[in-house]
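The following blocks contain the structures, represented as structure tokens.
Here come two complexes built around subunit A, the first alongside subunit B, the second alongside subunit C.
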Partner chain A sequence: MHISEGVLSSPVIIGGYAATAGLTALALKRVRRHEIPKIAVMGAAFFVSSLLHFKVGITSVHLTLAGLLGIVLGTPAVLALLAGLFFQAVMFQHGGLSTLGVNTVIFAVPALLAYLAYTGLGQLAGSRNNLRALIAGGASALAVLVGAALVLLVLRLSGEELTGIGFLFSVAHGVLGLVEGAVTFIVVRQILRVKPEMIADGLVAGRQSRSQG
Partner chain B sequence: MEFDSYAELGSPVHSWEPRFKLPAGFALILVCASVSETPALAAAGLGAVVLIALSRLPLVFVLRMLKAPLVLLALMLPLLVLTTGGQSVWSWGFLHLYKSGLILAARIAAKSLTVFLLFIGFFATVRLNTALQTLEHLKVPSTLLAILLFTYRYIYLYIEDMRKLLTAARLRGYSLQRGLRHIGTSSGILVTLLLRSYEQSERVAAAMRLRGFNGSFRGLTRFHRSPADLLAVGLTAAWICLLLWLELR
Partner chain C sequence: MTDYSPRVSRRTLRAVTAFFVFVCLLSAASASAHGAEYELLDGGVVGVRATFDTGQPMADAPVLIFAPGESEARMTATTDPRGVVCFAPDRAGVWVLQVRAEGGHGLRVNLEVEESMLAASTAGNPGGFSTWQKLVMAVCVLWGFLATALFFRRRRGER
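For the complex of A and B:
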């Protein structure tokens, strides 16, 4: 989902950095010092996930993990995504420095939406972990689609000629959404079983399941 | 292969002090990514080539760094040429080659290469940990800086851990090429990686707090400013003004 150098127009580049600065400031306010290593762990997981490719039909997609990051970290996911994207740009030339702002928005907005969806609907699920994991999977599948829509939007804003390629890209990401949803379901179900306090609001759910067991 | 493996050469670009070089480079990259007029693009490209020549980075290294962006361009530009719409210069069946697509593709390719060359020139000539330390001098919030440093550290742990897990899985008949049929195993590898490093990060954080970690990192690099650093900043500023003039006139 990364947008590379040379594609975006200047208002989009500047707007992307402005939005990222706002999101970063918001996230920095919410971070407590002891959370730093956890955020970094997820940032590194995001970085590494782009190395895991799945073959789907004739093309191959890689996981984005944006939804999972939102669900695990909450608002500070913005910082993990910013760090992961920064190192992807520096170490692999994946994305780019001028597009770092836009790329952060493309991943951070879906992550925050996934977080909101998961915490909102997760309360309904109570301590039924499979249902919680299912909600997490659905939220992160949705996150991929929102991300693809954002890519289409910034390409369109950068030039009407780019609409066609943005559309092709979005269709390809419908498939990725399904894969990502399935992976998130499995991952969250396992985390809820083994280490529930790892998830943003998992402390509550963790205590509940412990007091029951 | 490391991004900063040629960060210790003695060229003028290498000896430019990072507290000045990195902000100047960032500003120049933003301007070059923003221009779209042909003369401005040509001047930007020329500047990037001059920078790379001054930096004395080996050509093989520069080409290897450019490989990923070039592959991406090779995948994207043909699609772009066929999808932009407008006046068609050639058609075959339902496929049309569009004039506006060709112009846009050429512009994107030129701009992309320019920016990546600048990026390599400015950032591959500093060690990555020095660059991060520079950010501290540039008043990047300490929490964000700590997250960047920890992430950088964990990336290597992850890559190492993942290699081990993938080897173990492959011995048991797993293959990434099979893709979706092994999605359960792939997710399992991901869960293992996450849980393992999460627990490790908790222990690391506790150990650091016990040793008095208060959010600031210490490094061995000492920065020294010289008149040449300011001259280089001046040259970059002049270059930016020239590009903006070519773009806006």
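For the complex of A and C:
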């Protein structure tokens, strides 16, 4: 999912930075001081997960955790993603500094969509935690596909020819979506069980469990 | 107002750190390259300048390059405006270059490559980081993230 240096055209790179600046400003406005430790820990998880590759066919993919970050952190997920991507680019040439803006958008947009989907549909689930976790898993599986679609779109906008590679890329990320959905389901279910207030919409869930107790 | 801030216990943090280190080890072990790197070749490159008998260069002509004993071209290249084409052979022997100039003209060069002409090191990844270096880097960055978490948690408690 990380786009390397030298692949994108300059309008796309500038557009990516502009969009990232907007998203970061929004995230900074929303972030509260007590959320910073949570953002940092999730940023660490994101940084590590992208280093772990596994093969699907002839291409290799890695967990993105974008959906999980969005669901747990809400809008401030952008900050964790930006920091994680920055260090991946600087330390491991995974992605690149010129493409940092575009890459942040590629991860942040699915993260925020997963957050919206989870907060929207999560209310329907009420306090049924398994259902909530299932919604989270589904949202983050879809987030992977949205991210993959964004990658293809960005490459297309830069004038890349996408034929077989695009198809292979999509299939690989379909598989990754399933894995990531399962991971998110397990993690969210565990969080809801032991620390429901840790999830982005914890205010809602917290009140419900309080009124029940 | 009720405080919903996550309180991460020391034990949880220790578990999280252990998990990250484990994942780092795992990823280092399965390190399949994703990044892109380059190194400058120090020597080891052979070149040919192809000209017509008038002295005019065979500019922009396609070139087929055959490795010793191989009947299928190893690679194709194009001469530059001076008629020059270069490549870096990976083994000694007679390399064959077929230059195809316009109008059915062409040139066939048998290039004797000796062991001493090969690039000093084309194996391995001398410019990049070793698995252990990468591991240390990853752990350092992780510590940066976790220390940030600890720092802000500490300040909250002291207030």
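Everything that follows uses one rule, which is that the second predicted complex is superposed on the first by the 192 of 213 C-alpha atoms of A that agree within 3 Å, B and C clash if a C-alpha of one lies under 4 Å from a C-alpha of the other, contacts with A are read in each partner's own complex, and residues count from 1 in each chain.
Here, a contact is a pair of C-beta atoms (placed from the backbone, for glycine too) under 8 Å apart; a residue touches a chain by one contact, two chains touch by 3 or more.
Predicted, not measured: the structure shown is a model, and the values here were computed from it.
The superposed arrangement places subunit B and subunit C in clashing positions on subunit A.
One of subunit B and subunit C touches more residues of subunit A, and that partner is B. Once chain A of one complex is fitted onto chain A of the other, the partner contacts of A:Ser4 extend to both subunit B and subunit C. Applying the stated contact rule after C-alpha superposition, one finds that A:Pro37 touches each of subunit B and subunit C.
By the touch criterion defined above, A:His94 reaches both subunit B and subunit C. Judged by the touch definition given at the top, the superposed model places A:Gly159 against subunit B, while subunit C stays out of reach. In the superposition on chain A, A:Val187 makes contact with subunit B only, while subunit C stays out of contact range. After superposition on chain A, the stretch of subunit C that runs into subunit B among 8-16, 44-52 or 98-106 is 8-16. Looking at subunit A, you'll find residues 4-5, 33-34, 36-38, 40-41, 43-45, 47-49, 51-55, 60, 83, 87, 91-94, 195, 198 touch subunit B in one structure and subunit C in the other.
Across the complex, subunit C is touched by residues 2, 4-5, 33-38, 40-41, 43-45, 47-49, 51-55, 60, 62, 83, 87, 91-94, 195, 197-198, 202-203, 206 of subunit A.
Subunit C meets subunit A in the complex at residues 2-6, 8, 16, 20, 23-24, 26-27, 30-32, 34-37, 134, 137-138, 141-142, 144-146, 148-150, 152-153, 156. Those residues of subunit B lying in contact with subunit A across their complex are 3, 26, 29-30, 32-36, 65-66, 68-69, 72-73, 76, 79-80, 82-86, 100-101, 104, 107-116, 119, 123, 128, 141, 143-144, 146-155, 157-159, 162, 176-180, 183-184, 186-188, 190-191, 193-195, 197-199, 201-202, 204-205, 209, 215. The touching residues of subunit A, when paired with subunit B in their complex, are 4-10, 13-14, 24, 28, 31, 33-34, 36-45, 47-49, 51-56, 60, 63, 79-80, 82-84, 86-87, 90-94, 96-99, 159, 161-162, 164-165, 167-168, 179, 182-183, 186-187, 190-191, 194-195, 198.
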